[in-house]
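What follows is a single structure, and I will ask about it in a moment.
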Amino acid sequence: MHAPAPTSAVPAVRFAGVARHFGAVRAVDGVDLSIAPGEFFAMLGPSGSGKTTCLRLIAGFEQPDAGHIEIFGETVEGLPPYRRPVNTVFQDYALFPHLSVGENVAYGLKVRGVARAEREKLAREALALVKLAGLEARRPAQLSGGQRQRVALARALVVRPKVLLLDEPLGALDLKLREEMQVELKSLQRALGLSFVFVTHDQGEALSMADRVAVFNEGRIVQVGPPETVYERPANRFVAAFVGAANVIEPDMAVALGAASGLYSLRPEKIALLAPGVPAPDGAAAIEASVVDVSYQGAVRRLAVRTTAGVALTAAVPASHRAPASGDSVRLAIPLGALMPMEAET
Amino acid sequence: MSLATFDLPSPREGALRRFSDLLLRRGHLIVLLLLAPPLIWLGLVYLGSLFVFLGQSIFSIDEFSGTIVREPTTATLLELFRPANFDILMRTVGIATAVTLLCAVIAFPIAYYAARYAGPRAKAAFYLAVMMPLWSSYLVKVYGWKLLLAKEGAISWFAGRLGLDGALDAWLSLPLVGGPSLSVSYTGMVLTFTYLWLPFMILPVQAALERVPASLIEAAGDLGAGPGYTFRSVILPLAMPGVVAGAVFTFSLTLGDYIVPQIIGTSALVLGQAVYTLQGTAGNIPLAAAFSLVPILVMALFLTLAKRTGAFDAM
Amino acid sequence: MNRPSLGLKIAALGGLAFLHVPLLFILLYAFTTEEKSYAFPPPGYTLKWFGVVWGRADIWAAVGLSLKVATIATLIALVLGTLAAGALARAKFFGREPISLLFVLPIALPGIVTGIALRQAFGLMEIPFSFWTIVLGHATFCIVVVYNNAVARLRRLSPSLIEASMDLGADAFQTFRLVVLPNIGTALLAGGMLAFALSFDEVIVTTFTAGQQSTLPIWMLSELIRPRQRPVTNVVAVLVILVTFLPILAAYYLTREGGQARGAAGTGK
Amino acid sequence: AELKELGKGEGQVDIVAWAGYIERGETDKAYDWVTDFETKSGCKVNVKTAGTSDEMVALMNEGGFDLVTASGDASLRLIAGKKVAPINTKLIPSWGSVDDRLQSAPWHTVNGVHYGVPYQWGSNVLMYNTEAFKGEAPKSWNVVFEEQTLPDGKSNKGRIQAFDGPIYIADAALYLMAHKPELGIKDPYELTEAQYKAALDLLRQQRKIVQRYWHDAMIQVDDFTNEGVVASSSWPFQVNLLVSQKKPIASTIPAEGATGWADTTMMHVDAAHPNCAYMWMEHSIAPKVQGDLAAWFGSVPAVPAACKGSDLLGAEGCATNGAGNFEKTHFWRTPVAKCATQAEGCVPYYRWVSDYIAVLGGR
Amino acid sequence: MHAPAPTSAVPAVRFAGVARHFGAVRAVDGVDLSIAPGEFFAMLGPSGSGKTTCLRLIAGFEQPDAGHIEIFGETVEGLPPYRRPVNTVFQDYALFPHLSVGENVAYGLKVRGVARAEREKLAREALALVKLAGLEARRPAQLSGGQRQRVALARALVVRPKVLLLDEPLGALDLKLREEMQVELKSLQRALGLSFVFVTHDQGEALSMADRVAVFNEGRIVQVGPPETVYERPANRFVAAFVGAANVIEPDMAVALGAASGLYSLRPEKIALLAPGVPAPDGAAAIEASVVDVSYQGAVRRLAVRTTAGVALTAAVPASHRAPASGDSVRLAIPLGALMPMEAET
C-alpha cells in the first residue's frame, strides 16, 4: 500500500518501525519511512496524529521507544539535537526575543565559532535569501508573522542542514501570506536542493508543495505517495475523506452503477450535471438525485445531493453553469473510470 | 423552541448600572477612580512621610541635647563623605552585592529545576520547600545562624568531621572575608543574609524561567548549542528579569537590615545599623535621613535597570 | 534533553539543603534542655518548652496581635493593590510609569527607611502609636506584592473576556464581580499569602511603628535578648511553620488550578 | 510643674526600661515585682524595652512614656533636653532608704534638684575565662587593650571583646589615666582633645585584637561559650549566667578600676500618668523589689537594705554582684564640652558617637 | 459601484460615514453600509483593513470619531455594549475559563436576573441547538476548538440578539472542522432568521456562506454585493486580486485580445489549454505562452504562465488533463466573454 520511496543509495531520513508512546497515548505507533535527499516530503494528518512527534524524533528532541532512526545512513540513537545535521523551523518560530534578527540568524554560526565579520556576512546573505535584507537590527517582536517565519527559515538555513524540518510553518499566517510563502518555500527548496520535511494539516498545502505526501492517522502512516496518487487514488476511507473530501462509493452502489463490487473513491469534481433528457456519456452511469444544499465557492458550486437510493454525494460543478437550487431534482453523470478502488476493509 | 418564546427580562436598572454607563462613557474616570485610593495611600501618606523624613537631611543636630536645629545646611549631607561614613556606605553596598550574587547563584539551579524538570508533585514540593523558610521566623533564623557559624558551632564541627577544617582555617585567614571565626567575619554575614533572602530570589527567577518557552531551548539545541551554551546564550538572558526582580528584594533587604550585623559580622557598621543608631540611639535624625538617601539612590539606579529589563512583571 | 544533568540535580538539591538544614537546627533547639543559651550540641532533649509556650499569655497576645495586623494589612493591600493593578494593567496615560514605580517603592526601599519615615510622620502629625500605625506600615509594603501578582494576571487575562461579559449584558460592576474577580482570584490569593507572610514576620518596620505593642517578631526580639528560656522562641517558630504548612500547600494548588484554566480563553488548536 | 500632692492613680503607667528590669513572672514565676504593684495601686504597667542608652533618649524625646530607667550617660542629656521633670522626694516616702552615695549623684542631680530615683547600679567588670588565665585573675585591663600572650600560651588576638557603645571610650580613658598619667586625665568622661585622641588611638590598636564588639548580653554569653572568647569588659549579669552554667568564667575589677552604670528612674515632663508614676517610683525602691531585681539582673541595689531583704538574692548576693566596688567605679555620664576637671574644655558626646563608629569600622 | 442594500423598511445595522482613527491609523475611514434583518453579511478583507473595528463599532466596544451608527433604526451613540441588542462571537471565543460550559451559556441570563432553574433549562436548549447537549458540566479547557466555538455561539444566541456579530469565528479551526462549522453556522442562521455579520479573511468562506459580501481595504469598503457579483465581476484591481486571485487584463492586452480598450478581470479557470493545432473556439482569443510554474491543487492544476508579450497570467486547468511542465510552450484560449470590465483607475 505504501508507494516505494524514490531510489537513492542512502536515504536522508529513514524510520524503521519507530514508535514513541506517552503513557497510554501512542503518539507514533510503528512508522517506516524513507525520505530521499533533496525531496520535499509532506506529513499530512489530523490533529494529534503524530506528525510533530515524528519531526521531533528526527530532530532529536524525542527518543524512540522502539525502532530505529537513521539520518544519511547514520544511526542517531542517543545523539543530542545539537549533533544532528538537521534543523527545525518551529511552528511558533521560536525566535530568541532578546536577540536582534541578525543575531538570531547568526546564532548557529556563533555556536560554531564563526568569526563575527564572517557570521554577519552569512546572516545578511541568508536574510537576503528570504527577502528580508536590511531588517538585521530589528527585534523579533517588531516583525509581522510572515517576516518572523522567514527569519526562522533563514536561521535554520544558514547552518546548512542536510535536512530541514518544518512544523506547520505557515499555520499562523493568513491566507494571502500563506500562499505567498508556499511559493517562496517551494522555490527555495528547489534552489538549495535540500530535503524538506514539512508538517501540515492543510491538504492544499501538502498537495501543491510536496514531492511525496505521507498521510498520518493515529500515529501511523496510512498512505504515502506523490500528491496525485494520494489525491486521486486514496488508499482507504480515511484518506479519501481527509484529502479533498472524496465521496466513498460502497460496494452495493458500485454494483448499481455498473462497476465491480468493491469500495471506491469518487472525487466530487468528476460528477457532472446532465441536462434533462441528455443521456449519460459513454462509460458513465446516470443517476437521479435531489439537491440538498448548494454552496457557492467562486470557481465551482458544491452540490450536496441525495440519490433516490438514499446515498449522500457531493458534486462540484463549474460555477458558470446554471445552478440548481436546494430541493431541485437533478440527473448526474458518474464516469465509471473515475471510480478509484480502495483497500478492502476488514 | 422555548428559547424563542421565553420572555427575556431586561436587566435590573439601578444606580450602579447608570454609574457604569458613566464610567464607560468616560474612560479616564474609571482609571482615576481606581487609582485614587492607592495613590492617596502611597503618594500622599508614604511619599509624604518619606519627604518629611528625608527632608530633614538639610538640618543639623544640637550637639548636646540631641534636638534638631531647623536651619538649612549642607553640613549633614557632607558628613556622609567623612571616611568613616563613606566606609559604611561602600561596605554595605559591597555586602549587598555579594549577597545578591550569591542568592542568584544558589537560586538559579533550584528555580531552573523546578521550572523545567519538576513534575506536578515535585513542583508542589519545591514550592513548599521555598515557602516554608519564608514562614519561619526571621529572628529565630538569625540566631540559629549565629550558632551554626560559631567557632565551636555546627559548620566547624562538620568541617572537622569532613577533614575540611584546614580549608576553613585557610578561608578565615584571608584578609577581607576572614576573621577569628565565621560568625564574626563578612563571610558569615553574607551567608546569613543569603540564607534569609534566598526565597525572595527563587520565586521570581522561577516565574521568569517558567515563561521561557521550551521551544526556545530546543531551538538553541537544534542550532548546535550544547547545554552550557544554551544556558548562557538563551536561558540566562531570558531569566534576567526574574533575577533583577529578585535582586530588588535581596538588595533592599540587605541595605536596610540592622539586626543581622548586630549579631553576626565584624562589628563594623553597615548602613542599616548606622541609620538605626543615628535615629534611635543617637537621635540624629538629620544624619539618619542623609544616610537613608543613599539606599534610595542605589535602589533608584537599580529600579531604572529593572524597568529596562522588564523585571517588574517578574516580581 | 528531557532529563536534568547530574550537576543541576546536585546544585538544586544542595540549594534546597542550604535552605532547610538551618531549619532543622531550629527544630532541634526547640527540644533542648539548656534554657539559657544555645550550647551545641544540645545537652539533652525535652518537650517541656511546648508546655511553657502553651502557658504563656504574652506569646498568645503577641500571636494574636500579629495575626490581626497581618490580616488587616493583607486585606488593605488586597483592596489597594487590586485597584492599582486594575488601573495600570492596560491603561496608557501620562504618568503611568512613575506611578507604577511608586507602587514598587515600598518593597524596593529598605524597611528601615520606610519605618523611620512613617514614625517621623506620625510624630509630626501627633498620631499616637496604635494597632493602626502598625497596620499602616505593613500595608504599605504589602500593597506591592498584591499589585505585582494582580497586574501580571490581569495582563494575561484576555481583554475579550471583559468585552464578552459586557456584550452579554453585564455592566461594569457585574463584570468585575462575575468575571474579573474570579479570574484574578488565585493571583490575589498568592499575593495575599506572600503579603501575610511578610507582615507576620516583619520586625524592622514594626519596630518603628509599634510603640509599646508587641507583635510576634517584636516579642521574639525581646525574648531572644532575655536571659532565660530561649528555646521558647524556637518552639514558637516551629509551631508557626507547622500551622502554615497546610495553608501554603492549599494556596499552591489553588493558584495552580487557576494557571491551567488560564489557557482556556486561548485559541482552539 | 512639680507635683505637690499624690492623687488617685490614672490606671496605668508606661515605662521605658532595660531588658530584664521590670519582670512580671512571665519567664520565671519567682521573679515578679509588677503583679503585686498592679493590684495594690490599680496602675497597669506597660514596658517598652530599650537596647541602649541612646535609644532611651530617643524614645523619651519622642514622648508617650511616663518613666525611664536611664543610665548615667542618658540622664543628663534628658535633663538638658528638658524631657524629664524634677522629682518631689516628699512624695516618695522611702527616699531616705536610698544609698547615701546615690541620693545626690551628679548624673541625676543638677543644681541640687533631683530628677529621679536611683534604681540599680553595677560595674563593668572584666570577665575572663579561668582556664585561659590559669585560675589567676588578670590584674590589669591590658589583657583587653594590648596584644599579648595569655597564661595559656596563646595570644589574646581574636579572643577578646569590647563593648559596642561610644561610652566605651571612657574605658580606654580610664586605662590611660593609670598607665599614661602624663596625659593628665582626671575623669574618664572629661577628656581634652589630646586625651581624647590618645584614647582613640588606644581603641584603634585594640580594634586589631578584638574578636567582636558585644552589643547583646546573651550573644556575649554565647560567644564565651562557643566562640573561644576569653576576656571582655562585661556585666555581672553575664558572669553570673555563665557561672551558673558551670562554665570556667570569673570576673574581677583590675587595678585601674572600672566604669559602671547607675540607673535612675526618671519621669517625663509630659507624663500622662504622674500619680501612677510616683507610686511606681516608691514601689521601685522597696527592699524586696530591689533585692529580687539585683538577683535577676546581677546588679547592685540602690537600697542597701535590699541586700538582706531578698531570698532570691541570698546573703552573699550583693557581694557577688560587686557591691563593694562602688569606690572603684566611674559611673557612666554624658561627656559635655564644659567640664569641671579640664580648663580647656572637653570633647562632647556627639563626637564620641561618630568617632567610635569610625573605630569600629577600622578607621 | 456599491450594490444597493436589500430593501427593507428599517435596516438591522446602518453606518453613515462612520470613521474611527487610532492616532495616525485610519482603521475605519468613512464607511456607509446597511445590513438587512435576516441577512448573512460577510466582511472580507486583508489584515488590518478595518473589519474588526467595524464589528466593534456595532457592538459598542469602540465609539466612532465621525459618522453615525443605527441599530434597527435607533441611534446607538454612547450606548454601552450591555445596552445594545447585538451579541458577539469572539475570534478567541472569550469563554469564561472559571465557569462551566453551562454557566458560560447561562451568563447573559444570569446578569438579566433569570432564575436559576429557568436559565439552566435555556442554556441546555441552546447547547442542544449547537449540538453540544450533555457537555454542560465541562470546563472550556476540556473542549476542542470546534466545541468551544459552538459554546461561544450558544452563549451569544441564548440572549436572543437581533444581530449576531462573528469575528473570524472559524479562524482558529483546522480545515476539516472549519468546513463542518461553515455548514452548521449557515443552517443555524437560516433557521433563526437573524442578521449575521461575519468577519473573515478567507474568501472561500465569505463566498460560500454570505448573502452579501463587503470587501474592505484600508478602512473602506471597496465593493459590496452578492458573492457571485463580487467573485465574477470584481469592481477593481484590488478586489480582483484579493478575491480568488483573478488575472487583471490591462487595456493594451485587452485590445490585443480583440476586446474594447479598458481594464478587465479574468478568472484563472476561464482560461483553457488548447491542444496544438486546435483553433480557439468561437468568441475566444488564442495566445501563446510559456509555463513558469505548475502547482497541483487536487481538483485543478494552477499554471503560472508568461505570454509572448511578457504578461504573467494564471490559469487553472482540471487536474485530469495531461499537465504541461515548467518551461513548456502552451497555447491558451481566452473567451472574450470572460473578460469582466472593472472601474477605470484615476
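When the chains are written out, they are named A, B, C, D and E in that same order, and each has its own residue count from 1.
One rule holds for everything that comes next: contacts are C-beta pairs under 8 Å (C-beta built on N, C-alpha and C of every residue); 3 or more make two chains touch, one makes a residue touch a chain.
Keep in mind that what you see is a predicted model, and the values were worked out from it rather than measured.
Shared contact partners of subunit A and subunit C, listed by label: B, E. A count of contacting C-beta pairs for B-E and for B-D identifies B-D as the more extensively joined pair.
Averaged Cα coordinates give subunit D a centre that lies 91 Å from the centre of subunit E. Centre-to-centre separation of subunit B and subunit C, using mean CA positions: 14 Å.
Chain centres here are Cα means. That of subunit C falls 53 Å from that of subunit E. Averaged C-alpha coordinates give centres for subunit A and subunit E that are 25 Å from one another. With touch defined as above, residues shared between interfaces to two or more other chains in subunit D number as follows: 216, 222, 225-226.
Multi-chain contact residues of subunit B, defined as those touching 2 or more other chains: 11, 20-21, 24, 147, 150, 152-153, 218, 221, 279. Residue numbers of subunit E whose C-beta contacts span two or more other chains: 80, 82, 111-112, 159, 174.
Listing the residues of subunit D that touch subunit B in their complex gives 52-55, 57-59, 61, 77, 80-82, 158-159, 164, 210-213, 215-216, 219, 222-223, 225-228, 334, 336-337, 348-350, 353-355, 357-358, 360-363. Across the complex, subunit B meets subunit A through its residues 213, 215-216, 218-226, 229, 233-234, 237-238. Put simply, subunit C touches subunit D in their complex at residues 34, 36-40, 56-58, 123, 128-129, 211-212, 222, 224-230. Residue ranges on subunit C touching subunit E, taken from their complex, read 158, 160-161, 163-171, 174, 178-179, 182-183, 185, 260-269. For subunit E in complex with subunit C, the residues that touch the partner chain are 59-61, 80-82, 86-88, 90-99, 107-108, 110-112, 139-141, 144-146, 148-149, 155-156, 159, 172-174.
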